[in-house]
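After this come two complexes, each holding chain A, first together with chain B and then together with chain C.
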Partner chain A sequence: MSDMTETALRTFTPQPALAPPKELKGAVHWARANLFDGGLNTVLTLLSLLLIVSVVPGLVRWGLLDAVWQGDSEACRVEGVGACWSFIGANFRILMVGIYPVEEIWRPVLSFLLLLGVIWLTVSRRVRGIRMVAFWLVLPFIAYWLIGGGYLGLPEVDQSRWGGLMLSLLLAAVGIIVSVPLGILLALGRFSDSPVIKISCVSFIETIRGVPLITILFMASVMLPLFLPEGMDVNNLLRIQIGMILFSSAYMAEVVRGGLQAVPRGQTEAAKALGLPYRHIMFYVVIPQALRHVLPPLIGRCIALFKDTSLVLIVGLLDFLGMLKSSTQDSEWLGFEAESYVFGAFVYWLVCYSMSRYGQHLESAGPKNNH
Partner chain B sequence: MHKIKTAMLGLLLCGALPATAGTLADIQQKDELTCGVSEGTPGFSNPDASGRWVGLDVDICRAVSAAVLGDQEKIKFVPLASKQKIVALAAGQVDMTSRTTTWTMKRDTKEGVDFTAIVYYDGQGFMVNKALGLTSAKELDGASVCVTTGTTTELNLADFARANGINIEAVVFEGKKEAFNSYKQGRCDAFTTDMSQLASWRSTLPNSDDHVILKDVISKEPLSPLVRHGDNQWKDAVTWVINGLIEAEEKGVTQANVDQLASSSQDPTIQRMLGVSGDMGGYIGLDQDWLKRAIAAVGNYGEIYDRNLGENTRLKLDRGINSLWSQGGLFYSPPIR
Partner chain C sequence: MLNKLTASAGSSRFRLDLVLQAVFLALIFYLAYSVFHNTQVNLENRGIESGFEFLDKEAGLPIGDALISYTPTDSYGWAFFTAVVNTLYVAFFAIILATVVGVMIGIARVSRNWLVCRMAAIYVETLRNVPLLLTLIFIYVVVLSSLPGARSSWLLTEGILLNIRGFYFPKPLPQDGFGLVLFSVALAVVLCWGFRRWAKRYTERTGQELASFRISLVLLLGLPALTYLLTGQPLLWENPELKGFNYRGGLSLRPEFLALLLGLVLYTAAFIGENVRSGIQSVAKGQIEAAQALGLKPGKVMMRVILPQALRVIIPATTNDYTSLVKNSSLAVAIGYPDMVSVGGTIIGQNGQAIEIIGMWMAVYMAINLLISAFMNWLNARVQMVER
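And then the complex of A and B:
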């Protein structure tokens, strides 16, 4: 084998490839081929350039060059300075954890590190399958216990003191972790042979999907307490969380249904022919295939749920967006809305983009020949 | 929708309320006061950078907590959106709401809540550039005023101009931010909205000292904390804590001197207020030191105002009609006797 190669190399040495003709290489050619090919594209390119030139320098000057990075609010009120990033620095803690007591701050920090740890274990595929699911199911309980306390020696921190990014992540994480299994059950219920289960699942899904999330939040937060008997006090946060889970699970169910329909009938029939019981057919044959089909829209729903948590602002919970807004109302720091919202947009983007990247990674990593 | 809401409130009031013990007893038993506040109103209530709730509305809650429970920190602040502020109270989620709520007849009579005592007389005012040299809104003849369209603010402005026989050109905008920005760029001579908001808008201007807020107030927006309708003992307690803070300012009782006055003052009024003589606390179901504790916690009304809205804050809101009656304002406490 190696002899043959050596002989071949000795007898035939290919010439190095010629460089492309001058007029087909270089930045000028690329620009001509991609930016200025034809009248319409030329006009669009020029318009885009105009837009970039008119916006970007001002933005860079405001956000970076003239920005104030430290100091108090006085330093930001000088004429001619740009963005006041020291505003974010001064309010960083309340943006992250709301009005959580300082001396207990290690608890949300530890919860966050645990979250990062589980994410790392999942992404690096160090734990897989049922163990990974178990990790994710246990995590929210540990986080709730760490942050809320009240058991096993941790002093209780009332939920009225939870806030900031911590609250948004908690609402989203618990929402996703509970609503995915619930959505799968609802989707299976839609295909059930029993008319009672089928009708109740369909009507639940269709009712919830026919109502905007904001209405559900208002119902949960404003109307529900009027119906509950006096003294039966389900706290605001829990009511909101349940509302979000119900909303999200109806949408998850529709996504999963698409996946179930895409699994060929032959799969179920083959499993039946092997004599597998219903639950094994579902959990080992149908659902894994169905979920793989709908991974992109499922990740999409998770991202949407995380962004939807910002709606809780209107029912008085100070989540990340609520805290961003509230910190601009501090009489010491009035008038820095732009900085606040730019920072907020960046953090939301960071979280959503990470989720989306992981979704893409999952799609490409999985077995392709699953049909 | 509205009928349903009223009906539900009615149902709740008839059905559920008599079953509970008094709010005051409940609070003392829980050893915690639940107070509904705004999610963020400069100078009135918002969490500061260190995560502590501050503001005038917040301090009123702290004073009540100190009077009732002996500690201004035994309090749970519940941020309420504007739509929740009355319902949360009627449904028993909070013991009191101290959330920049205007005292109106309809709210007081139809919505299942009671107002206690006024803690801030808000109302529509004007901000102008100092260079114009104006001292009164009545001198705005011929001026252009930036205002938000379709609100009572715009109607009030028109009424004010007609009533005073002056000619004001209203430059209307969809939102407050747009109206304010136009004022900032000099498109109008004046900007009008509620006084408390004028102060926070002004503090965002680069040269905020060049702008003045005129003293004239052309609409009535008395802000008062609320309690649930029908629990008079609790309403009395909140009302008289607020009255006590006002009376303390009039009598010169401050956070700093309250302990000393309690032991040495010969003024019979101060003696009654601070529990040296009489049984004032007993009238509202509390002990003798109720007001002393409230003043020691947050100071008298004047101190609360100065700390949150006054000259030393960024808002620099002149006291104007929020001064004591003896100084030309509207604050007047009935005698503590």
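And then the complex of A and C:
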């Protein structure tokens, strides 16, 4: 018996594997499995195709094929042309930096290059940990000094001349960098055993979260001057920046709270058993773990804050959206609203989508739940 | 759990903590006092009144799109109330429509149909990553203003049409006996509720399933329809008609309202769609396979197995989206729909009483959001798993 098996094994030569059945591979099979799988799916696919065919060619023709890329407004008014992208070209400086003085334009450009540099260093993981945080903390101050000037030999540029995408990015960057630590403090305050601190923090967070940002901005722009002592004047931009920071920090606090609650109790108990004082327990044990847990929603809040900067247009600052809007009222370029807002949507989308993709990347590369 | 930690960490420094708290409290009181004092001085210097007496004064401001009757000779208080009603009106319909669209998007996102799934993903990623304010302005300035003029309106069917001045549709004119129809609707709802309770107990007792969905549908539609026919169709429709340069009669929605509604619905639907997607994906695959193995039809699998479990994830997240929708309706001010913020802003411009108006805004928004949260918490408590 065993001899027979051995000989059988020795003489056995496997046949070459058969190719998979034809109908299980290739484009036709894929289409059948994913697009025409049953009656309902076939109908849905056909409806979707109909929608695509009726919308996409027209959009491509308008936005790319028939679009005007160069020339003045006359070239765009010819019958039958598509999008007038030369409108964006003509207003590009205004859209990016507002009415910033032309001869000083290198300053926002340099700030922007610094921003790109720090982003590159972060995403490529060339700087990490505390050094990365330091880079991000220092960057807005350098950008603020470069753009605003007034110190160390740079001539001052008044804040009423700041605008465009530069202003949006600056509002968002300063907002994020100040509101994250503030949010952490508020979240810790929520867990404080002191009733005074606890109640103040909870009522602050819940009040802010209960009202729209626009009322906070109105408050910052209209009411804040009433609150301050006479003669003390804070300019409009700073007031609105403070409003945005207060608003954002309440939401950051809620995000951080989730992270604090996710840190297992054994961690704090172990730290206590080691005899660490409260601030060390918080700063070396609890907060780092909490922040790692909530990185994705934290990035979500950063995206939301960047989108929210568009609201400052309502209280009279000319941010990117404000500039998009006012550029359509340029007497030479009347009637190109579609181009203006499509371009604006694309820029906002590019920034927000990249941030959210980076957040997803961190989420998949980040710490796994190991408890 | 952190309370415990800080409590024991602080117990050794009990007295220091008390002192710190007292200092903090004193700081807050000082801050509050100085803000109060400064405000008093500043208001006096600028000659701005304070208090709520202005609410009784004649407003004199026009509201373009009032749901309840309002004329500029009415008081500020009534003007503000009209605006509150407008906010509620747009938020209510936006929440319903956003839920419908959002659920469709969410189901499309988990569809096995590749094309449908991709299109839903593109929709979500586009709408979520562009500021709502830009979307709103785009819809108002680009989409709605490219609609044809009144004379070349798009007629969808007789009496329903769309042009640059808004969306027009017939106005129902109830005749004698329409009360009976309304009564039959109420009766049908009550009967349906009773029937479903009975059907549930019947199923639990006998294990037999009734076609309760179909029966309730017949009840809900059939009874009112029957009454309507028996009472001699007591409802007439007044169609909008072209008179001169514009349509008169019927009902209409103005472009500002349409733009705000559309913007809020499209934006929020993207977020609700993501909630629905993550809810459905949170249901363990084994549950679905087990249901299929038991021979349940796809519809039953969805209604009886996936949805009840998915709702536990969907509802809390969607509560947040509803409250943000209400808050986002304040962006109406940018396109000129007379909501609370828009009208309140005009009042501030007229009499400078910013503190009162901002306080009223905050109170109303918080009240609406508390109501939504309370309702959604009630709903959430009903779908939570009953632990045995």
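As a working rule, the second predicted complex is superposed on the first by the 340 of 371 C-alpha atoms of A that agree within 3 Å, B and C clash if a C-alpha of one lies under 4 Å from a C-alpha of the other, contacts with A are read in each partner's own complex, and residues count from 1 in each chain.
Basically, a contact is a pair of C-beta atoms (placed from the backbone, for glycine too) under 8 Å apart; a residue touches a chain by one contact, two chains touch by 3 or more.
Just so it is clear, the model here is predicted, and its values are computed rather than measured.
Aligning the shared chain A places chain B and chain C in steric conflict. Legend: residue contacts after superposition of the two complexes on their common chain; A:K325 is shown touching both chain B and chain C. Of the two partner chains placed around the shared chain by superposition, neither chain B nor chain C is touched by A:A172. Of the two partner chains, chain C is the only one that A:T268 touches; chain B does not reach it. In the superposition on chain A, A:G344 contacts chain C only, with no contact to chain B.
Of the two partners, chain B and chain C, it is C that touches more residues of chain A.
In the superposition on chain A, A:W333 makes contact with chain B only, while chain C stays out of contact range. By the document's definition of touching, neither partner reaches A:M244: not chain B, not chain C.
When the shared chain is aligned, chain B comes close enough to touch A:Y100, but chain C does not. In the superposed model, A:N41 lies in contact with chain C only, and not with chain B. Looking at the shared chain after the overlay, A:P225 reaches both chain B and chain C. With chain A as the common frame, the single stretch of chain B that clashes into chain C is 164-172; none of the other options in 56-64, 128-136, 164-172 or 326-334 do.
Counting contacts as defined above, chain A residues 218, 222, 225-230, 313-314, 325, 328 meet chain B in one complex and chain C in the other.
Chain contact summary for the complex, chain A toward chain C: residues 34-35, 37, 41, 44-45, 48-49, 51-52, 191-197, 200, 207, 210-215, 218-219, 222-223, 225-230, 260-261, 265, 268-269, 272, 277-278, 281, 286, 303, 307-308, 310-311, 313-314, 321, 324-325, 328, 337-338, 341-342, 344-345, 348-349, 352-353, 356. By the touch rule above, chain A contacts chain B in their complex via residues 73, 77-79, 90-91, 93-94, 97-102, 158, 160, 163, 218, 221-222, 225-231, 233, 236, 313-318, 322-323, 325-335. Residues of chain C that touch chain A in their complex: 1-3, 5-10, 17, 20-21, 24-25, 28, 34-35, 38-39, 41-43, 45, 111-116, 119, 125-126, 128-135, 137-138, 141-142, 327-328, 330-331, 333-334, 341, 345, 348, 354-355, 358, 361-362, 365-366, 369-370. Per the touch definition, chain B reaches chain A in the complex via residues 8-9, 12, 16-17, 19-20, 39-43, 46-53, 76-81, 83-84, 87-88, 90-93, 200, 203-204, 206-207, 308, 313-315.
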